[in-house]
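Two complexes follow with chain A in common, the first pairing it with chain B and the second with chain C.
Up next, the complex of A and B:
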């Protein structure tokens, strides 16, 4: 209580069912969710050490299904960093990442400089169903100039790398982020307790 | 009349445009459509003699124009008939509208079916009373066994494929997806259907009825809720009724196969609730009580008032209305053509397929168990309710909270305080509404709905519900404001 931390807000975006929640929950709570629940919106907060300093990451896990895209703009405006998720087993989800990427650049254009973004391919463990080749990824990484990660939330492969990379980008991009008092809040707000008014 | 030269015709047009308040005389000779297109600024004169500003023809919807679609349509378009009138008149600048045969409309000018009012979409291309786009999508998905696809309607199809198909439908009106040899990813077709529904400019529940649909879940009594929903659905225009019914029947198949496709009623609700602008709770009720709320069997019954509830004249009206919609729908034969007939959700199937999620499903039909116990004798015409009660009781046994809750409310009910239940109903339902119930009708969500302010209060009330003795009187005092009339 009363401790001052730098707070960074991150939003996880991507098509429906690619594993945004699995990735987020794996990182924030260290477990793998295997149940099949489309997310509406969920927020997680967790401490991350970076260069000897504790930072508070607020991660917004969003609904992927495209019916919520109207909300994306709100999310994008509020967030400092972005995790764009696609499924390595479904190539079409890369299109959605590209769309969101462009949307972010449009909305954040006036801020200039680079925007902290990490692109994440999920379900790496499902090697047999893999559709997105490493060449495609290399190609896109070069073209978009963004870091790509291949992850598996199930096997906990490279999940933390994603968020550490993003935090590093955000700290470089927003070095003067003010110190804020830590809110004494629950680690994760359950969607059931909340009422979204649109 | 073809002898009238274009020059003369143009002059006539000008003359008419000079005096726009004078209704077009009925005896205006037929003429070639081309000259009037040279004068796009001519005010449009409709049959009431009012001047309308002519709009651009064939406006194509902005692809990413979700925000536009979200805005409520201009107020003057609210009645469906009015809109239909407009949809019809949109083809031309308004000249000789009475006389133009549809054949005179240049067929090469495509009319969009996406992002336009439902009536207009039907006007462009319809099959069995459904917009062709809807018919073709459901037809394809049923034919290709999309109900066996994991995450159907949740996973996104290729946005490029969806976009391409959308453009084709906008150009051609109707595309027979099965006829072509091409294979379409079911997720893309599902996405296409969702795109169409999402881009409907007005709520499928109609602007007039939307708010009443939203408050259906406020009814404490399960039977009353179903009755209200049936009445509202019966009051829908036939176009809306047909679309909703065919879609619901189709989705029942998806939910029935939730064991394979993982799309439980809850998941389908989460995905479709924002797409259609229908609260998840109401949508689940449509799925679960499909036969009753859509008066599915009404069409086959003779038109005489053999149903008991037809005492009051208003009721009779409603029943007739329901029968009319249902009859129209059956006559259009969408069910037969799509193989949707006889669909119904079996309560036990749903319970099985849902594993640990019963509780969340209960939230929309939350008070069934307790209230139904109270007036179980009253409902003689219930068909599927008993089954559902069983399911509810069984599932309640799994977890502590719902069980104790229902106990609390039963105790309260036994003292004549039905409200303890109602209180919790609104709480449960506010959780349900935790699902974004509708991004579209903005006014609906922000208007002072009775449940919105209750959310925090409901949370604090929760512990109290474990001690019915103290809780019931307190909540009893809340009753008048919370019980919907």
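Up next, the complex of A and C:
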């Protein structure tokens, strides 16, 4: 109650239809969205434990459709951490990840080297349709110097790893994110905002 | 900014002539009167008046007011009205598409859309958010800024952006004021200037207690602006990397929430003030927001701590003396919420 937590803004970017929302909703709400309904913009907030401390992740799920990519710059400027998503079943979506990666580095150039980024391959369960090989991923991970995760939102494979890795990176990179009072869903009548800050 | 501007003792003049030392009121932010332009309510009220004169726009107000729209709310104050209307998304695109080249139109169907379809609305908001990026110096915003009703910060941004768009709409698209209202010499763009800039003071407004309520409203406006000054100071401080963010948070405990509450409280007061005086129930503002006044608890409880931090960090804060002087102004700002809350 009235507990102070550190808040980190994350944005999920990637081509249309790769499964950004499926990944985000699986993590934030623990369920799998099977039908495809293109996102415009959706924000999720969830508590994540890191080294015994509760953090608030504000995850912005974005539109992958080409017509909306002009907004990416706005999202990138506001966020601390980035989840770049491609589909393991569609090799061309790696190109979008590369473009976004370069855009982030351009926009965040003055923040120095280590920008918290995680690259995520989705639809790992669709093994037969897989186009992106392990070798390709190893090669890119080394070239870009970024962690890669292969996931399945459907089977809940490695989804939490993605966000925990990113949170760890953000905590190291921005240890001074301000403490925020967590938004409370239900207001209790007798709640007293005590002087928590000492 | 020099703090001694008002008490200048210097007799050295660049023009060489004799200088008569006349006492001048310190022209600091502390002494500045509340200006109309920055009160969200006044801004929305002015913007609504301008939008009512944009040819083809008024039907959108009707659309957002129709009860089947998901965001239909009880209140009819201009802030809520604009918010409901803008959240339809499509009206924003309609405005953007009135701008002359080189601004490119956004491809959105501005008639016959389904105002209850969330996707349609969000898509239009996103289109607008991308479209305004063509305007030089236009701030950026995201769909969530307008969509999230829990904070006024995002909406303040959107109101500024829409005002900027309306500034750029050619005069031809503004219809003449209805003949019933007094003729105005101003061009359509200046129409906001013709709105009353003082709290209305006609003879009919001289009723028992009018000075008290006028004072209340006036000082509330000023107070919200002071909080906004503190917020922008705090944001600038955060960007300057001189003090860590935790300390900034301790210096202005709960400021964002406080400002957000006070903005909404002021909107309520302003809407009461619009009523005929016999119907003004000022007390309702206080009873309606009673619980929310609790935001003051943590601010006041942490005030002493904040003052200590202020002294401790003084040498760092001096870098921002151009905004607020750390010795003469910042302490006066810090105590404002405590003073405001303590007033009977």
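Assume the second predicted complex is superposed on the first by the 182 of 198 C-alpha atoms of A that agree within 3 Å, B and C clash if a C-alpha of one lies under 4 Å from a C-alpha of the other, contacts with A are read in each partner's own complex, and residues count from 1 in each chain.
One rule holds for everything that comes next: contacts are C-beta pairs under 8 Å (C-beta built on N, C-alpha and C of every residue); 3 or more make two chains touch, one makes a residue touch a chain.
Predicted, not measured: the structure shown is a model, and the values here were computed from it.
In the superposed pair of complexes, A:172 makes contact with neither chain B nor chain C. In the superposition on chain A, contact of A:31 is made with neither chain B nor chain C.
When both complexes are overlaid on chain A, the residue A:134 reaches neither chain B nor chain C. In the superposed pair of complexes, A:60 makes contact with chain C only, with no contact to chain B. In the superposition on chain A, contact of A:96 is made with chain B only, not with chain C. Looking at the shared chain after the overlay, A:74 reaches chain C, while chain B stays out of its contact range. When the two complexes are overlaid on their common chain A, residue A:40 makes contact with chain B and with chain C alike. In the superposition on chain A, contact is made by A:17 with chain B only, not with chain C. Contacts of chain A with chain B, set against its contacts with chain C after fitting on chain A, overlap at residues 37, 40-41, 63, 68, 70-71, 191-197. Of all residues in chain A, those touching chain B in their complex are 15-17, 35-38, 40-41, 63-71, 90, 92-93, 95-96, 99, 191-198. Those residues of chain A that touch chain C in the complex are listed here as 37, 40-41, 43, 60, 63, 68, 70-71, 73-75, 77-78, 176-179, 181, 183, 187, 189, 191-197.
Taken in their complex, chain B has these residues touching chain A: 66-67, 70, 151, 154-161, 185, 188, 191, 194-195, 198, 262, 264, 267, 270-271, 274-275, 356-357, 430-431, 433-439, 442, 445-446, 452, 455, 459. Within the complex formed with chain A, the residues of chain C that make contact are 119, 122-123, 125-126, 129-130, 133, 140-144, 147-148, 150, 238, 244-246, 248-250, 253-254, 257, 291, 294-295, 297-298, 301-302, 305.
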